[in-house]
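Notes follow once the structure below has been shown.
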Amino acid sequence: MNAYSADEMMSVAASRTLRDGAVCFVGIGLPSTAANLARRTHAPNLVLIYESGTIGAKPGHLPLSIGDGVLAETADSVVSVPEIFNYWLQPGRIDVGFLGAAQLDRFANINTTVIGGDYRDPKVRLPGAGGAPEIAASCKEVTVVVRQSPRAFVERVDFVTSVGAKRDGLGFRGAGPRRVITDLGVLSPDPDTAELTLTALHPGVTVEQARDATGWDLAVAADLETTPPPTAEELKILRHLEATKGGVSA
Amino acid sequence: MNAYSADEMMSVAASRTLRDGAVCFVGIGLPSTAANLARRTHAPNLVLIYESGTIGAKPGHLPLSIGDGVLAETADSVVSVPEIFNYWLQPGRIDVGFLGAAQLDRFANINTTVIGGDYRDPKVRLPGAGGAPEIAASCKEVTVVVRQSPRAFVERVDFVTSVGAKRDGLGFRGAGPRRVITDLGVLSPDPDTAELTLTALHPGVTVEQARDATGWDLAVAADLETTPPPTAEELKILRHLEATKGGVSA
Amino acid sequence: MAELVSLHDAVAELVRDGDTVALEGFTHLIPFAAGHEIIRQKRRDLTLVRMTPDLVYDQLIGAGCARKLIFSWGGNPGVGSLHRFRDAVKDSWPVPLELEEHSHAGMANRYVAGASGLPFAVLRGYVGTDLVHQTETIKPITCPFTGEVLTAVPALNPDVAIVHAQQADRAGNVQLWGIVGVQKEAVLSARRSLVTVEEVVDRLEPRPGAVVLPSWVITRVAHVPGGAHPSYAHGYSVRDNEFYQKWDPIGRDREAFTRWLEDL
Amino acid sequence: MAELVSLHDAVAELVRDGDTVALEGFTHLIPFAAGHEIIRQKRRDLTLVRMTPDLVYDQLIGAGCARKLIFSWGGNPGVGSLHRFRDAVKDSWPVPLELEEHSHAGMANRYVAGASGLPFAVLRGYVGTDLVHQTETIKPITCPFTGEVLTAVPALNPDVAIVHAQQADRAGNVQLWGIVGVQKEAVLSARRSLVTVEEVVDRLEPRPGAVVLPSWVITRVAHVPGGAHPSYAHGYSVRDNEFYQKWDPIGRDREAFTRWLEDL
């Protein structure tokens, strides 16, 4: 058995959700790591799209930002930023949106805008929306990759930057978040209530730990699964990937 | 003195209206001949834009169509057809639109759609609008190049394909037709009434001939001018141009 | 993922009676061979969409494939009129042809809306023209910020878009260059798409001014060298200007046209 | 026609107190040198527009040049937060900063509308988010054909757009390649424009994926090699990732920032 960190388990679990040949709109950070890992393991034909306009990027190292030069160099096509949003994301032709989050709630609404106080006088000013609202709305489905903690997993987000699993009547093309991959396990929206439910735990993690890391009374699936641990191959490739990240440690 | 045809005089007169450095949206046929002549004579820095998306085309021979390969080969930039209309024509950044016409009326409204009968059952079905309505609306000004005859110069066009000089309240960015160059002379809209007035005759043409070739009671300017005849140089270059037209005689 | 198939099979599979079909290519890269295959397979009741219906649509209309034409300029470029188109409009020969007529700017924006997953596009267009009285798909729209009134046109979302390109690789990725027209928008706006190509290559070498369409937005690719004739494929062929002239007497005459059709 | 001038003269001429100014470049080709020149020339009360305000806007905001920021993502990519931006928002240091906040899709479309001479753009966006409650420049719009309700955003038409590119020729035509972002739209949407370039060449050689801006849509070109540092110019430089990390402690601390400013 291999020693691995919780973050490594998270990246591996997220990467496994991507089927080969899928078209994936990738946010930077954890989502990008997971998507690039998938392309190097079970999904060599995964199509990576970054909001910088790079379609079919095949980066040889982990891009540090969504505008890393390696994305343009290796893409099938580089288009303008308006085009990537209008022609490629908006019509619903992307299979999976891969997003991170600063704050996330019971219904997988995502906040990356402000925490605490109110919008004009927040406790913490975060970067804002970027591409996330439309990625969440228009991709056929969304996977969220985020570390689980009571600060991040809150009853109600302070600001809805991107809409979660409760989206009836909003006219979206996409089904929204289908799973939230964390460093502890996997949460999925209940098909009826859209409430996030713990459906899998990573090896060695307890339900108690997951509950303690969640700011609401976390529902747990009856048939709770255990994530298979990272294989030696997955770990090797992931670590190699992380080591190549443009001169900056994660 | 050089012998020249009425068509040659028309092309030369039209070419002279283009100032060096102007940006010109060029229709095919007579307008293209005149614009290419201008670029080879007094206006070497004339910027030619064709609706096929070629910006700054410098064709070595007269293009036969707006999609001639020589336009793409010699352009500063080739953009998509949506882009040429949206980013380049629509905002009003083009100095001159150079248009032809099948039928033209007292106010320089242009018809290239149907003649006679009604729209659903016309006497003659023409090609239609193409880029003309928006060229006429959005260029800072428009020059029309058309052979003068009672059939073409009518009291009222059977169909307004492109709006002429009477455009108050329509919210256009451009001033519309400032001159109509024909094989007989030059007509310009009256600053007050917008009615086309004969302002110049080509050498050897009489007012009577111009009136006979006009389907309405043609107003004539008090200070009627005579167009200087084509110079030997203009004729030489024009004839060379015409001879290069992609294998098809005019 | 675009599968590479024969032109016959691609048309048989993708183009159905009653479909809305767009063959695009702005003077350059016109998919003539695909149009001829549609004629040979005797498709009927098509709504044909094209900014510049030229010879290929004159042929489809004369062959009786179309019941409606959505367009912005119908002529034989550099030569004159489309006589089969005229005959269908004026005398319903061989079948009546309904027209939905726009300007180039309007058609281009309709494709853009279609490619963008929007139901309509906004432009400064058509104002003051008689097109607004004849075409129901032109409506006013008010800017919610300035109150200014502009023009709206509905999205085009053809059942099938067909374009011709210079190259595909073996995975079905496509590259075209030269005058790129509205081909990207046509393919992205359509439910199904067919790209005929001059050449299938191992690897698409990036080229200045090229449009690349990834395999996953294309339904079928067919290798059809010369498939744009008598139009041209930049870098592969030149326009057969003579054919455009020769078409004039053929198109002008029902009998001559019928003979052409029999020989197709 | 774009005149070639010095960076100092270009900024002195084009950027005025109170202007709306857009410096664009999506991670790639960020016009840092021009931003620094604006700081040195002590422009005030600027409305700064940028999809991804990163270090260059942290610096402009910390220097007190801005009264308002129109943006969609404000962070130090790969590192963390923009502390001068945070300090201005939370504690009005050195001056208060008004925010007009959008998403990337909304900002991109606002530039598109600006470049297209339209007063607004339509998109599927913002629905269900709290941005619609905070940002007045987001409004519903109804499709006149289907009745569907979509979102409208107003055009951006900055007084000045500033971008960095790899090359200009001596006539002031500009070519940029790699990730091309929203630079074409920014320049075409603005009343005046400045392009700083890595290199002035005799002739622009066509390149795959390049955007060419003709001289006649650009006001001024300035030759500023390295003008994108610490961001990068594809083919000329690589991103100085270390600088982005080093900025964190500088931006975090008013005193450290003030020292940086004095040394600029």
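All chains are identified by letter, namely A, B, C and D, in their written order; residue positions are counted from 1 within each chain.
What we mean here is this: a contact is a pair of C-beta atoms (placed from the backbone, for glycine too) under 8 Å apart; a residue touches a chain by one contact, two chains touch by 3 or more.
Chain identities (UniProt): A, B = 3-oxoadipate--succinyl-CoA transferase subunit B; C, D = 3-oxoadipate--succinyl-CoA transferase subunit A.
From a predicted model like this one, the values you see are computed outputs, not experimental measurements.
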Going by the touch criterion stated earlier, list every chain that contacts subunit B and also contacts subunit D.
C
If you average the Cα atoms of subunit C and of subunit D to get two centres, how far apart are those centres in Å?
38
Rounded to the nearest Å, the gap between Cα centres of subunit B and subunit C is 28
Subunit A to subunit B, mean C-alpha position gap in Å, rounds to 57
Got the subunit B residues that touch at least 2 other chains?
77, 86, 90, 138, 173
Residues of subunit C touching at least two other chains:
112, 117-118, 123-124, 148, 184-185, 209
So which chains end up touching which?
A-C, A-D, B-C, B-D, C-D
Give the list of subunit D residues in touch with subunit A in this complex.
26-28, 51-52, 71-75, 77-79, 81-82, 85-86, 89-90, 101-105, 108-109, 111-112, 123-131, 134, 148-149, 178-182, 184-185, 209, 211, 232, 234, 238-239, 241-242, 244-245
If we count contacts the way the header does, which residues on subunit C are in touch with subunit A in the complex?
1, 112, 115-118, 173, 184-185, 188, 212-214, 216-217
Can you name the residues of subunit D that touch subunit C in the complex?
117-124, 137, 139-141, 143-146, 148, 150, 152, 154, 206-210
Hey, which residues of subunit B end up touching subunit D in the complex?
21, 23, 47, 55-56, 76-77, 86-87, 90-93, 138, 173
Which positions of subunit B touch subunit C when the two form their complex?
28, 51-54, 64-69, 71-72, 77-82, 85-86, 89-90, 113, 119, 121-122, 124-134, 137-138, 159-163, 167, 170-173, 246-248
